[in-house]
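In order of appearance the chains are A, B, C, D, E, F, G, H, I, J, K and L, and numbering begins at 1 in each one.
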Amino acid sequence: MSHHVYKKVEIIGVSEVSISEAVANALAKASETIRHIGWFEVVGTRGYVENGKPVFQVELKVGFRLEDNA
Amino acid sequence: MSHHVYKKVEIIGVSEVSISEAVANALAKASETIRHIGWFEVVGTRGYVENGKPVFQVELKVGFRLEDNA
Amino acid sequence: MSHHVYKKVEIIGVSEVSISEAVANALAKASETIRHIGWFEVVGTRGYVENGKPVFQVELKVGFRLEDNA
Amino acid sequence: MSHHVYKKVEIIGVSEVSISEAVANALAKASETIRHIGWFEVVGTRGYVENGKPVFQVELKVGFRLEDNA
Amino acid sequence: MSHHVYKKVEIIGVSEVSISEAVANALAKASETIRHIGWFEVVGTRGYVENGKPVFQVELKVGFRLEDNA
Amino acid sequence: MSHHVYKKVEIIGVSEVSISEAVANALAKASETIRHIGWFEVVGTRGYVENGKPVFQVELKVGFRLEDNA
Amino acid sequence: MSHHVYKKVEIIGVSEVSISEAVANALAKASETIRHIGWFEVVGTRGYVENGKPVFQVELKVGFRLEDNA
Amino acid sequence: MSHHVYKKVEIIGVSEVSISEAVANALAKASETIRHIGWFEVVGTRGYVENGKPVFQVELKVGFRLEDNA
Amino acid sequence: MSHHVYKKVEIIGVSEVSISEAVANALAKASETIRHIGWFEVVGTRGYVENGKPVFQVELKVGFRLEDNA
Amino acid sequence: MSHHVYKKVEIIGVSEVSISEAVANALAKASETIRHIGWFEVVGTRGYVENGKPVFQVELKVGFRLEDNA
Amino acid sequence: MSHHVYKKVEIIGVSEVSISEAVANALAKASETIRHIGWFEVVGTRGYVENGKPVFQVELKVGFRLEDNA
Amino acid sequence: MSHHVYKKVEIIGVSEVSISEAVANALAKASETIRHIGWFEVVGTRGYVENGKPVFQVELKVGFRLEDNA
């Protein structure tokens, strides 16, 4: 019996609107090059301050299935 | 002198809108069966990807006071 | 050659709207007394429940550059 | 061959006297509803301040054996 | 739109054969009383020694969906 | 609507009697200079040995509300 | 004097038999595309439940030496 | 009233068969020199790769009672 | 110039009175065989329940200076 | 009997030479404004890259004794 | 409005001279294949012993900006 | 087939020069009494301040192979 194998990569999305939008931005970018994205895990939330307001930098791990012939 | 005792349970709320809404959804559900909910702690944020967008799954611990005769 | 030195303090912002707004509220308050705020790190998210809805309390560390003659 | 299975729940005891008494208070309350309590693990110690003195809130996990027909 | 809410409980399975069997034993017991078990997470592995051999005690969190009318 | 903002500082109390007294000693000292102390969190317990007996050094974070015009 | 440099990637193996087999499955897949695999570290063990039995998903970091001209 | 005191040491067992066997191997070796072994805690699982297969190195803490006159 | 080197060992003290007494009991025992004990760090607090009351088991690391000719 | 109370603050030193020099730089700066500095703890090491070389940013907590009349 | 997205990879540098040189060696190697390296985080320091002296293996995460059309 | 078993002990080296030298000092001392030292892991870096300069105290775990007849 064969089994899938998955891989996780760590990316960081940015948003001056919200933490949730930073996650969405990161996933939109990741989906340009990664197929079979399955899930994500937020592993850190930081940011810098611009004009007194937060710009969120959200670190996430993105998990995806490796293709069977790779 | 008597003292209150509290309990914590771990629940997971879901939202495709935002992390904050996932917290609210979990608390709304929890309040159907738990009385005296006092506070919550976010202990994890993950999710899956649907049509290229995040669906947030937020894990929280919910603390509440145990009733005196229980 | 001289080097900057930075300091971090831990503050907690509150919002009944969202986690992101709690961060913004904390930073707005911090900027009243801290100059040269550079970055922040979210180190905890908790809250209490009011009328069945979450009030978010977000703990963050705020980093800023120390002035050269201080 | 059969094996026991155990469960852990998370409770919080309170005392203005000491951390150790807060643990004892929590266990006394837990034993009203839980049979076969076996052990506990302290997972957090916090509290609030009343008249300049600490009131201890000690979080513990309480482990107990599940009954065989449950 | 409605969303499911999930709950996690912490249980401990035992086996003198292997860590994996201890997980299976815990899940078999949990499924007697919990419906809709979805996933588990191993959060600790310990044990005692009997006749020079390990008896594994594996702590896991078990996640399951709450029923809609509960 | 306005929101309070809180700050946490990290202090260490000492006692040769007990961990709980070390917490009390730290809070008594902190209250000399900090107003609006709200809560504390024990983040570490260590100590040294004097005449074969422990002298407890308990690290705690102390949270307090920032004044509105500060 | 030159030094090797190593890289770590995070993959997830699956097995319905055991945690150890899930590790082996992940390494077999990884060795299809990675040369010079040196070591691995288990960083998480979770899984889902199928017909009342665990299917193990074991997360591991795999370390390998980077080739000198890459 | 007298009390027992316990000690923990950290050892690493090896097996090319399974994680559980690596634990057993470590305990068999430890029992050659340690009396009163009581329990163990798995604190890390890593390994190297030999012929494409894992060789498990499992780190465990072993707890044992100190003899009364030692 | 020569430097001291220190070692840490992990021991567990027991008390049915308090966490602080369990620390003292462990240190009293350790000082029977260890010279130059310098400091300790509490790394865990657990226990079992006897007649509805806690018996504390406090894990501590004990640091001491190695003798120069050892 | 009176006891000292200590405080910890978190600062970040910078050096393009070494991690150890970054610590020294931070302590030199801290000693301009803090009296009775006693110890430090390194809690993080990061940095940025300039002309292909690391510039170290070392986060440390600095502990110092509070004056008796403060 | 568009936002950059960043990625982190985990590499390990080696040096028999110092921890800081191991970081520099890892970054020199990484810059051969990664453009836009921005920052690094030390996540572990270990090593082996050769002729009684340490050879440092420093694990770091290296962050870099993803190109806009990738 | 027989397997080696390894043990880890925790020691602390000191240096007023650098963190790396503190590691080397600890290993030089450890090699006086431990044979078959294989590897080390840095688990903490702290120190005290003397004349405004850091004296580094680096905690490491040292791993070594147990002899076959021990």
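Criterion: contacts are C-beta pairs under 8 Å (C-beta built on N, C-alpha and C of every residue); 3 or more make two chains touch, one makes a residue touch a chain.
All of these numbers come straight from a predicted model, not from anything done at the bench.
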| item | value |
| --- | --- |
| Common touching chains of subunit H and subunit D | E, I |
| Chain hops separating subunit H from subunit A, counting only touching neighbours | 2 |
| Relative to subunit D, chain with the most remote C-alpha centre | K |
| Inter-chain centre distance, subunit B versus subunit C - centres from mean C-alpha coordinates, in Å | 24 |
| Euclidean distance of C-alpha centroids - subunit A vs subunit K, Å | 21 |
| Chain centre separation in whole Å, for subunit I relative to subunit G (CA means) | 38 |
| Approximate Å spacing (C-alpha centroids) for the pair subunit B, subunit I | 38 |
| Subunit J, residues touching no fewer than two other chains | 9, 18-20 |
| All pairs of touching chains, each written as two labels joined by a dash | A-B, A-C, A-G, A-K, B-C, B-D, B-E, C-F, C-J, D-E, D-F, D-I, E-G, E-H, F-I, F-J, G-H, G-K, H-I, H-L, I-L, J-K, J-L, K-L |
| Residue ranges of subunit B touching subunit E (in the complex, touch as defined) | 9-15, 25-26, 29-30, 32-33, 57, 59 |
| Sites on subunit K touched by subunit J in the complex | 18-20, 23-24, 27-28, 31, 37-42 |
| Interface residues, subunit A side, partner subunit G - complex | 3-9, 61, 63, 66, 70 |
| Subunit G to subunit E touching residues, read off their complex | 17-20, 44-49, 52-54, 56 |
